[in-house]
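Consider the two complexes below, in which chain A is the common component and chain B and chain C are the respective partners.
So, the complex of A and B:
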């Protein structure tokens, strides 16, 4: 890596005092539609942040505003304490990796990575030897050094993604932004690249924000996750926080909320049928509510208190798991069991006893 | 798999799933032969009456050389002007929305549709020393009609659609993400155009340039009205060929024709090679 990475300790200490990205009531409208609607968000230095949400939730618009590709109608955006709400993209020193990579197809891999170094109005200007050194280092980092002379259309999707990343890192950005970085790749490559991106982030410590609609990706990769819905942030927290304590029904549902069942809240527990199910979140004090039961919070049980009975509709063995679709009073309940469970696999049509370990409950 | 491909064990490995190769090849060869090759062969055979030295003598007459030089230089300048302004027109038509855009888009094709003689007469009356535009240029000492400059104006007129119509689709397909990527990497608008956009549209621009050039070299109708047709000064090669024909010097006319053909062929070949080089990244 180039000698400036990682930055010397003194530089880190100075930067720690201010947030890397500070967003206040940012709003962006397209026509009458507010794509981003008054978002506040602080992203710490060196943090790996995921913006998670369904399509149309405003996550990509928010990312593009941080990158200077869209500009906010209202609100402010600070990057390392500097006002950046309307700064032109070429002046804000961010790295942006596009979903479809946006590589310059008429340039070799080497020239793609060198692009940011050649156009930069830095003083003193980098010598050709320094550019070559830096690009070679970056290509080593992304394990593409042997392909420096290739053109983008001679590369696989995963290789293009790595070129795009190396190109974005070449200018030593203050913030690295990635739009659906693994969206167009197949599952195996995606998994490799995820691990590899986390390693690179750890090695460089550059503040990174990535957009995804894949909850597993967000939870696996990010230090913190912001969940967006209809242009607003529903919840921000560590992957464990947002998964274990979803702040709203939307978050719970989006993070694999599982089955949605009507319930009655009584004495700190959810009454479903005549089973009392422990509530994990701060639920309404009483009355009718909606309970979300995750598929792996359901276990088969023959006897004991708080058992519900349901008919098996479908049994699907998927790798190490056994997925069940159950019919409970006309509602479909999804359950995921370990396949090496001691119980014999239930058969379709059979009536089984269920125990619900816990529920997230929200006002209906 | 070493050496030969897996499929080579099958005798019909070259059969494509797309049908009609034989049929289209047959049509192509037949069509090109009767439309292009036979007339050109006849043209090439005609000057053999003269013998090689006669051919050389016919095409190296000062008047012929002057006409060839005039035809190719004016065509070159006209195509170059069209490359610059045609690119600007295509850019505007692709990138911006404005009232009357459809009309402007249609106007671009008019030079295709207009009889060239009409264009020539219209341009001549505009640029004559007493014409609408000529009357303002004349006091400045700029003479357009009846000079080589007039020829360039006429050739520019008829060549405009070629550049616009070849560059337009390429610009339309250009992903705006490329420009955004360049901007994020620190490039200004100008740098983005020079380093990112221009190299991608260059092959199409060269195609448009070559087509405008080829069209301009052979243009006759519009030029003879505005050129003044003075031998050695503003007499284009196609006109000289017609003059030779009127004097029943068929072999001489054919010799000039062959010379034009050779020069055009070499020029288009060079442009094609340059064009191929400019899109070496496409990996074909």
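So, the complex of A and C:
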């Protein structure tokens, strides 16, 4: 027999692949309405996962169930392999960052961050010096050390968000949960904080789940994205996977699907008007269907095969882009062109030729 | 630039009233205050001191008056903390939890405000009096409630029931339960959450509710009058004692005891102002919404 130590490689692998969060047919009803309806989801160790969906899709309820703020009616939830479906929140060792920060308004920044250390049930208790050291380190990490003595209402939104994050990290959670972390911030701060959160995640490696309704935020930040709709998961995948190969019309639409046009599937291509458009996804074999064409998959073309004609309704230069609203048989088609290579912009009222590069097609 | 927006052609800010309007409004408010509050208060003290300080002092240390002062304080010391605990519990239950019968509880809390205090006193007589529902059983076991201190405490508690809860419910509703949820995810137990998060957030509202509750507990007349039995030196609280003295044409003594009540009220107000002044910065930092 082989000696017991070192353990065989299979055992090491198994340990490494234990999921940080493992969710099986989790369901939560409010009255007769299933906010979360039988969701299965595996989140790996150290992963940065986005729960993306419109309001009412159940993403926040799912996050609250992982955090122990709501309890499932059915299904199971494991955190690091341990049963946690009905575990009290304080026993889960998760950090939760609330949409409106939920900072303790009567405590200074320092005391907010120290809270989790002071109420900890560990023995022996942390000494005051150890707490001070730890809080100071965290405030350095979130770049708020000079503001330790301030009260929450003396801080800006972005600063409050960083205090909330430092507070959640203080207890060294196994999982970090963020509910719409950047929802209440203006665009510039949001962008800064996104980059900053990704850096912190990379540095600490803590499994992180965040909820957002902003597809750009999810695609930019997450390792993987789960797209929710009406309490169910429509698709899980890397940002590139879900964007390039949307599994359903809903996902395609939600991730900036662009214009929706009726089409006829024939011989592996979508027939829109008289133009044959290549299909990128696993489309229905034939018959009537719905095609989604992204705005940047449309180009202007004067002549050639598979050209559609549309009337220009509106021309709007936006930064480096030129946005066009076009009228195609009474339907509005949105196109985005590069401003540099389209110096001679069409004028409103003009009829232009369009080539559609590709389409995602779903059964109608 | 912004000045051009907020000022009209005469160079005044758009929201500023003409001087004469300001003066009139202030005069009306001050006049009302002086006539209806300051003047009666001054009247109480002048009447009480009409025959000099020594007569005033004698009226207060007279055994029956002294007993009334002690009894009033005793009733308040029992009723106010009891209602404080109840008020916090009720406000907590109503604002942080969902349960069937919640709106019924809300309505019941308001009941003592809508019912005449005399009726609430009568209810206790009907319940605990000699011919009341549980009166005979109590008598057999040697327990006296009506026409004794327990009856006074019960009637006072009933009347002052809503003060703390009514003060806290809107405050706690506005604050929501986000901070409590945050505390729980950070590892706090229910008690820690209450003591370290909920209680500090409501302490000013709580203080205000307790002060109002206390003022009413010491000043309550109607309900207490019914259950007291007016036994001098035993079941007479200060308001009842004032009435008796007044009806006996003993005006100086009546006003002396009344002035004592007024002083108790002024002391509670002063205590509140002092606390607000000492914790002004913290108060400003924590009561504004963020």
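Worth pointing out:
One rule holds for everything that comes next: the second predicted complex is superposed on the first by the 347 of 364 C-alpha atoms of A that agree within 3 Å, B and C clash if a C-alpha of one lies under 4 Å from a C-alpha of the other, contacts with A are read in each partner's own complex, and residues count from 1 in each chain.
The rule we apply is simple: a residue touches a chain if its C-beta (ideal position, glycine included) is under 8 Å from a C-beta of that chain, and two chains touch if they have at least 3 such contacts.
Keep in mind the model is a prediction, meaning the values are calculated, not measured.
Superposition model on chain A: chain B and chain C are shown in a clashing arrangement.
In the superposition on chain A, A:326 contacts neither chain B nor chain C. By the document's definition of touching, neither partner reaches A:163: not chain B, not chain C.
Using the contact criterion defined above for the overlaid structures, shared-chain residue A:106 touches chain B and also reaches chain C. When the two complexes are overlaid on their common chain A, residue A:68 makes contact with chain B and with chain C alike. On chain A, the surface patch touched by chain B in one complex and by chain C in the other comprises residues 67-69, 88-90, 94-96, 98, 100, 102-107, 115-116, 118-121, 151-154, 167-168, 170-171.
Taken in their complex, chain A has these residues touching chain B: 67-69, 88-90, 93-96, 98, 100, 102-108, 115-116, 118-121, 151-154, 167-168, 170-171.
Put simply, chain B touches chain A in their complex at residues 175, 177-178, 180-188, 191, 195-196, 199-200, 279, 281-283. Listed in rising order, the residues of chain C touching chain A in the complex are 178-179, 181-189, 192, 196-197, 200-201, 282, 285-286, 288-290. Listed in rising order, the residues of chain A touching chain C in the complex are 67-69, 88-90, 94-96, 98, 100, 102-107, 115-116, 118-121, 151-154, 160, 167-168, 170-171.
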